[in-house]
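Input: a single structure, listed below in structure tokens.
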Amino acid sequence: MKKVVTFGEILLRLSTDRHLRFAQAESYKATYGGGEFNVAVSLVNYGMKAEFVTKVPNNELGSCAIHEMRKLDVDCQNVLRGGDRLGIYFLETGTSTRASNVIYDRANSSMSTLKKGEFDWKEILKDATWFHWSGITPALSQTAAEACFEAIKVAHELGLTISTDLNYRSKLWNYGKQPKDVMPEMLKYSNIILGDIDTANFMLGLDKVDPDYQQVATLPALYDQVFKLCPELKYMSTTLRYSVSASHQRIGGILYDGSQVYKAAVQEVTPVVDRVGSGDAFMGGLIYGLNEEPLDKQRALNFAVAACCLKHTIYGDYNLITKNEIEKLLDGDFTGKVSR
Amino acid sequence: MKKVVTFGEILLRLSTDRHLRFAQAESYKATYGGGEFNVAVSLVNYGMKAEFVTKVPNNELGSCAIHEMRKLDVDCQNVLRGGDRLGIYFLETGTSTRASNVIYDRANSSMSTLKKGEFDWKEILKDATWFHWSGITPALSQTAAEACFEAIKVAHELGLTISTDLNYRSKLWNYGKQPKDVMPEMLKYSNIILGDIDTANFMLGLDKVDPDYQQVATLPALYDQVFKLCPELKYMSTTLRYSVSASHQRIGGILYDGSQVYKAAVQEVTPVVDRVGSGDAFMGGLIYGLNEEPLDKQRALNFAVAACCLKHTIYGDYNLITKNEIEKLLDGDFTGKVSR
Amino acid sequence: MKKVVTFGEILLRLSTDRHLRFAQAESYKATYGGGEFNVAVSLVNYGMKAEFVTKVPNNELGSCAIHEMRKLDVDCQNVLRGGDRLGIYFLETGTSTRASNVIYDRANSSMSTLKKGEFDWKEILKDATWFHWSGITPALSQTAAEACFEAIKVAHELGLTISTDLNYRSKLWNYGKQPKDVMPEMLKYSNIILGDIDTANFMLGLDKVDPDYQQVATLPALYDQVFKLCPELKYMSTTLRYSVSASHQRIGGILYDGSQVYKAAVQEVTPVVDRVGSGDAFMGGLIYGLNEEPLDKQRALNFAVAACCLKHTIYGDYNLITKNEIEKLLDGDFTGKVSR
Amino acid sequence: MKKVVTFGEILLRLSTDRHLRFAQAESYKATYGGGEFNVAVSLVNYGMKAEFVTKVPNNELGSCAIHEMRKLDVDCQNVLRGGDRLGIYFLETGTSTRASNVIYDRANSSMSTLKKGEFDWKEILKDATWFHWSGITPALSQTAAEACFEAIKVAHELGLTISTDLNYRSKLWNYGKQPKDVMPEMLKYSNIILGDIDTANFMLGLDKVDPDYQQVATLPALYDQVFKLCPELKYMSTTLRYSVSASHQRIGGILYDGSQVYKAAVQEVTPVVDRVGSGDAFMGGLIYGLNEEPLDKQRALNFAVAACCLKHTIYGDYNLITKNEIEKLLDGDFTGKVSR
Amino acid sequence: MKKVVTFGEILLRLSTDRHLRFAQAESYKATYGGGEFNVAVSLVNYGMKAEFVTKVPNNELGSCAIHEMRKLDVDCQNVLRGGDRLGIYFLETGTSTRASNVIYDRANSSMSTLKKGEFDWKEILKDATWFHWSGITPALSQTAAEACFEAIKVAHELGLTISTDLNYRSKLWNYGKQPKDVMPEMLKYSNIILGDIDTANFMLGLDKVDPDYQQVATLPALYDQVFKLCPELKYMSTTLRYSVSASHQRIGGILYDGSQVYKAAVQEVTPVVDRVGSGDAFMGGLIYGLNEEPLDKQRALNFAVAACCLKHTIYGDYNLITKNEIEKLLDGDFTGKVSR
Amino acid sequence: MKKVVTFGEILLRLSTDRHLRFAQAESYKATYGGGEFNVAVSLVNYGMKAEFVTKVPNNELGSCAIHEMRKLDVDCQNVLRGGDRLGIYFLETGTSTRASNVIYDRANSSMSTLKKGEFDWKEILKDATWFHWSGITPALSQTAAEACFEAIKVAHELGLTISTDLNYRSKLWNYGKQPKDVMPEMLKYSNIILGDIDTANFMLGLDKVDPDYQQVATLPALYDQVFKLCPELKYMSTTLRYSVSASHQRIGGILYDGSQVYKAAVQEVTPVVDRVGSGDAFMGGLIYGLNEEPLDKQRALNFAVAACCLKHTIYGDYNLITKNEIEKLLDGDFTGKVSR
């Protein structure tokens, strides 16, 4: 079986009960998640083998994070224990006209103080066929960026497919570097990039553009600029998200393979239970879809969009959805009938 | 006062907290329900007298089921105690594009091991005017089917009106018989059948048809086939359900009296709190409506549709709605204004 | 800083868990609120100084109400302790086609037994610029009406701006007087009245009219009747509420300044978390907006409408929304995107 | 089967989560109880027939109280609907050195405004053998006291055994009368009084005494004073409660039949889950025991003490304990082993 | 590292909230446990390798059971999926004088319908050094007993140490056989038996004895009878449990090695959080202790007793306690000080 | 009224539900506390005026901490907003033989990065009569220690009484300094020190002693060593804590005034609800007692011990106990009777 290794941070998420503001919270629901971990969970749910590589502190919260990985059958044999703390984020989920709100409390986490050389990547990646990282790790700290780059280079050397979710978070990138100082070098090894053109250009130091994803004909020219700077690139993809309100989203997607633009039909998602991690669900769906044989690019994209839609109905960061449930949607059944 | 006796199984329902999947459940909400019991509850809420007849085990869970009946003022004086266990069903409530999911754990329940002769039906039905059963009981086991048939025949003999909800559940019918082996004989005594034509034909062993409930003119011909096989039949009725998503339903209804097709306007129901039991709410509304004097068939149907709509806003299997609340809807007030 | 004093009753609100009916409630969430208190909370959240004047019993529930005021930074230095009980209201929140339901249990509350002379209004109001009261206090009892009138007259004497929310509650007014017996005298001192024309006319003893708020041109004539009876009146304002269902509201607003009708665009609010107090959120937004310098009447109205919309997303009676969040809506961002 | 009718008030009890103070309460658990109702529940649990007579308001809270009666199989066919409100009490449960705390909010309840003549006692009591009332009802109001006296006289006339729990509550008796103004006349009809001698003397207007329940020999002289004033009296009984702390009680009991003092061994109860209603559990146990045939006074007392002990382990006001569970304790098994 | 394989059933446990009776339960906490699984969890917590072998249904509840195994790092690679249902037990936790109460609903579970030949024991046990089973599996059904015996014989053949917890459950053994019909043959292969002499004699068909575990000198003669019938037996051991109440236990233990009786000091445990699984915690501690090198039999017994004590403070069936925590107790620190 | 200023850190406390281990936590209860804040809360509850001075971040969690201060009527007018994060601690509450467990996550908190000069202490302390600090602040960081020393010197200069709780936390003091490097200089200004002699000696760099607090006669010689190094010292005091288990404590206390040793009787506390903050409750009680007029040293000590006992029954860090409740204990009523 093909095995994907994802690398990144896992956080303790503390969220208020549904609808409550931080000022009203008497308790917080505790779950665990992180962009790259969420991708690994999706892949396992679809029947692939996935390993998550990270560093967590040697205390009970670090253990809880590992319990979560094991429970979900994500391989965690190479997770390091050490550092001072597990990163935390506090989440207040919005509704209707009120937006969700996040308080990051992840500075000085075990993962952000990770250094090059702590992992033996040759050993870790030796049975893998795919390596996934995102723009969050290089945003944490200088040493985390270096540790990520080290992994990328080994993955490339071993011939793995490399996918990257750009995942721009403006509240991170606080250590003195900007994306364009760090990302261009790292993205050179990526075979697949998830993110809109605008973000890609921003991270690659290109000029701001304003892509109109409705005008499929004009997209290749914009994508090709990115392809030019990323010599290994085979696919760019992006979710299309039309936010009617915090409770109502319209979700579509685009996939470009260097020559053709694939587009998935827009789906209605209302009400939204939990929007966090829906991009990771798309990413997971896409990796799965592109690993299917025979390769069907349109179906891979549709699968990613359906996975993303369903994630909005799942509480927590990662997508507890089976392949069957997604395929039911792909076959056009959005009616949510009870099976009995 | 007219008294309705309903006969069937009551289950312990264990449902995850709203939005959570089975894999996320740390606890289950415990309620009690079952199609024929739900009908009895509706009738009591509308001011009728109703008795529920069933068999539950002689343990604390059986007692809890009886507490529920008493609390809701459903007469339970003839409920039998015995057998091995109370049937259970686990429910995960869907939302948006994600469907609800049911795990039945009802095999070997006290009700499924019921045998002919355990109830003294002549005594039980002596003050009743109406007997209601559904297609679930004959689906449980050979002996349960026989016990149900026994009741039907006594009810017929005593001149009660007999109503039947076809309630086809494909996950049941595991004891070697199919509906068409059992139901035709039993439905011969029914005065009112709830179910779409297609299900009726399936259960009666007729050919599959594809009724277009929008084309009222074409319906009588289809209905008449059923009427032919069920000599006592006076009404067939069905809910019309257009499932936009698990959270958004459009609800209408049809009533046919052997000569005329009545149709109720379709109502929007969004969001859906709990869809289980909405068919039973329709059935309860219809029985109530057909017992009103003077008889107004269109209003009886409208009442059933409004009851069904309101059930979607109620957590649990049965419909905690008063006659006044339904009549407010019949009078066109769907605005949900606070009364103060 | 300008300081607003609001005067009225604060209640213990006991609400069922979301979706549950009273008959299903095993517990009640306890919060505290009341029309005039809710206005004070809004003002503090927008950066103004606000004091709330009321009377609560000298038991732990009275203390809890005061804790709430202090927590929210509403000045409570003049709150009286005494009387027999804190008023209570029980709330069952509706959804979809099912309306919310309120049980008032506020008779004989400390506030309803308040008498003229218990507060030293000259002292209380000496640093204030604005006094706010509503039609609830005169509805409680004869003595409460007199105590309210006493405050109004002192406020007028001291030159404060006086605002009044008509807040007609048909379940109150049980002490033998009707609004038209009491309110005309009191409204003579009001500079701002919140309420629709119809309610104003009813309270002032005028004939029933049926204003069409869509027909802006016809409104001044109707408003001017009220202005005629209330010589100090500078503004009348009303929320426009189109109730699609208990879960879906459309919210707009009107402001009339004696010469011009201002109208705010209608906003969609779906789903509704908690509709109670949304009128108070409008009132608070309007008082804030009319205190902004330079005065921009259209923006003041828009601010009130946006505040009212956002209140529907907040659990509890009062509006836990910041000025920034409202301004984001005024700038047209209704998309509810996560900030991270 | 012998049938007991109990008469009194049922209250909505709102209690904080275990250990929390009122100042910390975000929600209240809602249960229903009242001294005389609690006695009826006990009797039903031991297999007797019991009816509870009261008056509750015609709103949803009144309905909830009735649901509770029906659920517990307490006959409620004569419960009146009317009046303004259901009485409430707020409960904060103590632990260790911290005492429990009660806030009564029961003034102006439906029961306290009950008047003589509202019940047809001859009809209600016609099949009963026993009537039970307590000192709470005459403490509510002048009219409630009169209504209670009316019932007592009919019960006496019909030859029922009459039992009375003195239940002195100093926070009640606010309508201008003291126990000694009202109770002596009413107690003249009692056959069984539950309460310590001191309370009995206080209510009968006798001098204060300081009985030493350890000195059994000295008790008859003290009891005989009460017997002298209550000509129908056959038994006096009292729980002996040694409060080590709010979490640790030692429970015994005394029964005097006019000639002999029976004493039950003291039992340890630790930890205490809920102490409210433990006196009512004793009363229920005693009524049950005195109805057993052949009569065994020592066993009746022991049964009452064991019932009282077990009540301390049950959350809520009434005793959800079976006869078997009490008999296991009477047989000396206090070990709490799991049965499996 | 030494690896232990345990074999048995895992159940869904549904327990009421603490203190509540079944009749009060509105929800059930869902956890998973079973005697032999609990032993495996203990061993993993102490740093050993443990695998659990069982059969669970191919539905979401079966998956949840497997999630639990994975989360706790118990190897579950050989768990079979199939059969009809996951066994359930309902638990009401007692307190003070009120005992806990269990409702088994485990008939027809996947494990009880297991048949010989479904597992490839030679493969499963090839890397193991120890095999653990208990008297529960042969109590489930004839086929389960046979499947268990098959495993025992392979384990013996491969030279594994075999431990058995007698675990007599009178509510099981319903398939027509009694322990003495089945167990003697199976216990012949056991090297370690956990259970009191009386139970061992009962299961082996010997006469009832009444051992006095306080009289150490008289024990060897009694134990030797068992040793005679079980030729491979090296150790018998038992917990000593003095139940003061459901909330207060005194725990000691005995170990006999064929020549010497070891006895552990009795420890006080109060209050008890959850007593279920405390015997399994003892068993796990003993297996761990007997695997320590150099072997110290007294310390192994003390470790088992300390583990058993600490289990009483842990909610759920299995013992979430580390080796360090147990060793702190062995070193005499029972004070429960906060570490900070 | 006398006003006390306390200075220190306030933390977000995230605790598991009672009895649950970190590994079982699905949610955390959120409360706020900190040694010096807890002292301020106690003082306000006893009727004194108290201000708390600290620094919290400018995010919603910082605001929540301030809400808590306001709610409890602790003056927070000088609280600074700034820095990066609110310190957190995770708490797992032990029971019986299992100890409580704390995970500190407070590094880099706003308070730990506080610097000298950020507060205008002359202004802050100008109306105060008493200043309280503890050994926690100098343990946080070099700059926090300096900022604390700055405050102490101003307080001394302004003639305030200075009290210090030594509060040694071995998990802090991570910035390169040990208590003996920092504390001796700071303690020179203290008038009252809370802590055992051993800790005082450790912090002052004296030799380890092993005081026997039972031998009152030998204590003065040991105390006098501390008095010698702290020229302003008037009182040393300590709680005496005998930990029977995590659920059962015995609490006494010692007060030495330079000439006489006062000793309070030991009280039983069982069960313990929450032990955190019980030392702060003692400190608060002592400050209150020493401010009473006329001064009664024995009663001040007794008050502190009773406050400490009662704190063990209160969930959360601070002591929600009134003066009346403590005085009831001082008067010998430990029975925990319900008041009604």
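Each chain carries a letter (A, B, C, D, E and F) given by its place in the written order, and its residues are counted from 1.
Simple rule for what comes next: a residue touches a chain if its C-beta (ideal position, glycine included) is under 8 Å from a C-beta of that chain, and two chains touch if they have at least 3 such contacts.
This structure is a prediction, so every number in the text was calculated from the model and none was measured.
Traced through touching neighbours, the fewest hops from chain A to chain D number 2.
On a Cα centroid basis, the chain most remote from chain E in this structure is C. Relative to chain B, the chain whose mean Cα position lies farthest away is F. Should one ask which of A-B and A-F has more C-beta pairs in contact, the pair is A-B. Put simply, the C-alpha centre of chain B and that of chain D have 43 angstrom between them. Chain C and chain E have Cα centroids separated by 63 Å. Contacts with at least two other chains are made by residues 23, 26, 67, 101, 271 of chain E.
By the definition of touch given earlier, these chain pairs are in contact: A-B, A-C, A-E, A-F, B-C, B-D, B-E, C-D, C-F, D-E, D-F, E-F.
Those residues of chain B lying in contact with chain C across their complex are 18, 267-274, 309-310, 312-316, 320-321, 325, 328-329, 334-340. Chain E contributes residues 67-68, 70-73 to its touches with chain A in the complex. Of all residues in chain B, only 14, 22-23, 25-30, 59-61, 63-64, 67, 84-85, 88, 90, 92, 101, 103, 105, 107-108 touch chain E in the complex they form. Those residues of chain D whose C-beta lies close enough to touch chain F in the complex are 19-21, 23-24, 94-102, 104, 169-171, 243-248, 271, 275-276.
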